[in-house]
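All chains are identified by letter, namely A, B, C and D, in their written order; residue positions are counted from 1 within each chain.
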Amino acid sequence: MNKVVASADAAISDIKDGAVIMLGGFGLCGIPENCIAALVKKGIKQLTCISNNAGVDDFGIGLMLKQKQVKKMIASYVGENAEFERQLLSGELEVELIPQGTLATRCMAAGYGLPAIYTPAGVGTEVADGKEVRKFNGKEYLLEYAFEADYAIVKAWKGDTAGNLIYKETARNFNPMMATAGKVTIAEVEELVPAGELDPNGIHTPGIYVHRIFQGQQYEKRIEQRTIRKKA
Amino acid sequence: MNKVVASADAAISDIKDGAVIMLGGFGLCGIPENCIAALVKKGIKQLTCISNNAGVDDFGIGLMLKQKQVKKMIASYVGENAEFERQLLSGELEVELIPQGTLATRCMAAGYGLPAIYTPAGVGTEVADGKEVRKFNGKEYLLEYAFEADYAIVKAWKGDTAGNLIYKETARNFNPMMATAGKVTIAEVEELVPAGELDPNGIHTPGIYVHRIFQGQQYEKRIEQRTIRKKA
Amino acid sequence: MALTKEQIAQRIARELKDGYYVNLGIGIPTLVANYIPAGIDVVLQSENGLLGMGPFPFEGEEDPDLINAGKQTITTVPGSAFFDSALSFGMIRAGKVDLTVLGAMEVSESGDIANWKIPGKMVKGMGGAMDLVASARNIIVAMVHSNPKGESKLLPACTLPLTGVKCVKKIVSDLAVLDVTPQGFRLLERAPGVSVEEIKSKTAGKLTVEGDIPEMKF
Amino acid sequence: MALTKEQIAQRIARELKDGYYVNLGIGIPTLVANYIPAGIDVVLQSENGLLGMGPFPFEGEEDPDLINAGKQTITTVPGSAFFDSALSFGMIRAGKVDLTVLGAMEVSESGDIANWKIPGKMVKGMGGAMDLVASARNIIVAMVHSNPKGESKLLPACTLPLTGVKCVKKIVSDLAVLDVTPQGFRLLERAPGVSVEEIKSKTAGKLTVEGDIPEMKF
C-alpha cells in the first residue's frame, strides 16, 4: 500500500477554489509548512480553513491570508496577526470561533464515525446560541456536530510509505484528529521511511486514515515565543 | 508523583462486595492476570464485571465465575466457558451483551468526559430496545451512555512510577479506554520502570488516568487458539 | 456442485481491489486471505486492534500478545499498526474499511442480516458483528444457501433476531453469487453444475434472474 | 498594599496539594509554577498536549516542537507524556485535572466568569478557556480587583460576554482571597495593609464578611 507522492505540489494538486481544508498545528508548532507554501504558490482562493490558529503575519496560515486565499477561518484563537485583524474588520474575512476542546473533539468525532458529541464547553455563553442543550446527570451539555473536511493537511515527525504517522512532542496537537477527519488526508513528514521501519506499537495515526504522504523539503519550525531561563 | 503499590493484593485491597469492575483484555490476551488472581484469593462477591469476554473455565474471569464472585457480566462475547453457560442458564448469573464497538466507545466516552455517544451499531435490532434513536445525515444512530466503573483494572506491557502505560501489540485492545474510565484505575505491568525511562512520545495511557501501579509477579499469557503454519 | 468453503472464500477474494482495507470475519471469511489475487495489495484489519495482519506464525513463533479477532495467533506484515479497540471500531464506523466479509445464518431480500443469536440456544454475544454491519461501506456475506433441513436461508424476512438492517450488498453462497438490490436478490453467477432452477427453488426471498447467468470458474 | 502579580501567584501556589494535576492559564497563573511549595509534588498539564511541563529551557536548548499553551518554549520533567488535543481536553472534561488556575476580566457573585471578549474590540477567541471552565473540578481565578477606572470586577452579574457559568470556586485578587459560595463572595484573607472596608468598597457583588479576616503573609 504505497501512498507516497512526489512533493507538496503533487499532494495538493487537486485542491480547488472553495475547498474546506483542515490544517494541523498549534500556533506555529506542528504546522504543515511545505503544504502551506504549495497552497500559496498554487494561489487557490475562497478557502475555508479549519485550524486552531491562523498563523502570524508572515508565517503559517498568515501567508495564505496575505494572498487573500481564505474566505472563512474556523479556529479557537486568532491573535498575533495584524493582517487577519484588518481583513476581519473590513469584512473581507469571515471568522467562526470555537472552543479549543470542542474543535479537537469534533474532528475526532469524524474520525471515529460519531455524528455528534455532547460537551459542556460554552453552555450559558454565546457559543450556545441556537444549539441544542441537553442535561445528563444534572449537568448541561451542548450538541456539537462532527467536523469533516474535503482535505486534512497534517504534519508529522516520521511517516512510512503505508501512511503510518508518528508525531513529536507537542507538535502532535491537532494533527492526529484532523488526520482522521479528511475525506482526503495529506501528511507531510520530516522523515519518510519504508513500511516496516516504524514500531507498529508506537504509531499515532494508522495509515488507513492517510491518503497521500511525502517528505517535506525543509522545516523552518519558527518559534513564536522564545522563553528561556538563565543558567545558574 | 509515585503511584506504585506493593502487590496485586495491595492494589485491590479496598475493593468490596458489589463493586463494578472493568477488566481489560480481549479473550485471554492482555488480561490483568495478577489482579484476577488476587480478586479470586480475596473472595469478594456480587461483582459486576465489565469486560469484552468472560475468560475460559480455568483462566481469566472464568476463575472468578468458578468462585461465584460475579453477579453480573457485561460483555460483547461470552463463548468458550461451560461454567458461565451453566450459571447463566440456572439464573445465578446475569448477563448484558453489548456490541464490541459500543462497549469500547462507551468506556472511551467516560475517559473523554463525554456523557453519551451516538452509534449506528444495533439500530433495528433488539439492542435498540428502549433506546433513543436519532437520525443524523439520513442515518439512524442509538444514544448510548458513557460507562464508568468503581475500579478499572488493566494490564500493560511497560509502565512507570508516574502511572504512564505502554501496551504491546494486540494486548492493547480494551485496556487504554478502560484505564480512562475507572473512578480508581489499577494497572499491572510486565515491567515497571522509574519515571523518565519511557519515551514521552510513545505513552499510550498518560499517568493522570492511573491511580495505582505494580509489576505483576508472573504472566502465564495463555493462548486461546494456537494456530500455526508449516515451514515450507 | 455446491462450492466448498475454500471455493466460497476463493470467489470472494475476486472482489478485492488494489488498495482495499478489508475486515474478514471468523470462519469462511478468514480463508479469503489465502486467495488474494496476485498484484492486488490489500491490508487486513483485525478489529481487536491491528492493521496489517499477516499469516499464522510458524510453529514456535506464536506470540500470545498477537492474536486476531478469532483469538488465533497471527503475525504482522511490514507497515502494520496497533491501536486500541475504540479506534479500531472508530475507523470501521467512519467508513475507512473498504470491505467487510462475514458469515450469516440468514439474509433477507432487503439486506437484513441475522448471525448472532438463535432463540432457545445459549447466546454467546454479538462481538463486533453489529458494529461492523452497521458501519461497513460494503458488506459481502459468505454463507450456505440452505440449512441442513434444506430450508432456504435467503428469505423474504429474517426469522432470527437481527444483527443489522439493510446492510448486506452481496452474498457468496455455496450455490451462487447474488447482489442485494432494492428489488431483492439478483442472481449474478451460479456454482459449477448448479442450475438456475435449483437456485430459484432454494431462494425463498424475492429473486431476480435476468439474461444468461454465467457459471463460476475455479 | 495590593499584591504584586508575583504575590498573587505565590498565594495561589499555597492552594496546591501533593499529587495534584494542575492546569495553569496564561499570564499570572503561569507564574504559580515558580512557587510550588517544597514537599508538594504536582504535575503541570498543558492543554496543547503535555503532562509534566518543566521550566523554560536554557538558552540554546529551545525546542520548537515543545511549547506550552501560551506558545512559549518549555521543557519536560521525568515521567511526562505527550498526547493530542482531543485527549488533552478529554482528561480535562473527565475531571482528571485537580485544579485549574486562570485569569478573568470579570467574575460574578454566582461564579460566572468573563475573560475572552470585549464588545467593540478585536476578538481573538476563547482558545481552551471555555472547555476549562466548563469542566474543571476546581477553578481558582487570578485577577485584579478593580479595573484602571477603579470599577469593581467582582460583580453581581458579569457585563461582558461569559466564558462560563457558575464555575469559579475561589478568587485570588490583588486585594483579597475570596470563595464563591451560594451566598455570593465570601472574604477569606486580605492583602497586607488592605482593610476589610477597602475590599468591601471595591467589591460590587454580594460580599459576606464573617469574623476576623486574617492578613496574608509573604
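Please note the rule applied: contacts are C-beta pairs under 8 Å (C-beta built on N, C-alpha and C of every residue); 3 or more make two chains touch, one makes a residue touch a chain.
Worth saying up front: this structure is predicted, and the values here are computed from it rather than measured.
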| item | value |
| --- | --- |
| Interface with more contacting C-beta pairs, comparing B-C to B-D | B-C |
| Furthest chain, CA centroid comparison against chain B | D |
| Whole-Å separation of chain centres (CA-atom averages), chain B against chain C | 28 |
| Chain A-chain C separation of Cα centroids, rounded to whole Å | 37 |
| Inter-chain centre distance, chain A versus chain B - centres from mean C-alpha coordinates, in Å | 33 |
| Two or more partner chains touched - positions in chain A | 105, 112-114, 119-120, 167-169, 200-201 |
| Chain C, residues touching no fewer than two other chains | 82-83, 86, 89-90, 92-93, 135 |
| Which pairs of chains touch, using the document's own definition | A-B, A-C, A-D, B-C, B-D |
| Residues on chain D engaged by chain A in the complex (per definition of touch) | 46-50, 55-59, 61-68, 70-74, 82-86, 88-90, 92-93, 112, 122-131, 134-135, 161-166 |
| Footprint of chain B on chain A - complex, ascending | 105, 112-120, 136-137, 139, 141, 145, 166-169, 199-202 |
| Complex interface listing, chain B residues touching chain C | 26-30, 52, 75-79, 85, 88-89, 97, 99-105, 107-108, 119-127, 157, 167-177, 204, 221-231 |
| In the complex, chain D residues that touch chain B | 19, 21, 41, 43, 45, 51-52, 76, 78-83, 86-87, 90-97, 135 |
| Chain B - residues contacting chain D, complex | 1, 110-114, 160-162, 164, 180, 194-196, 200-201, 203, 206-209 |
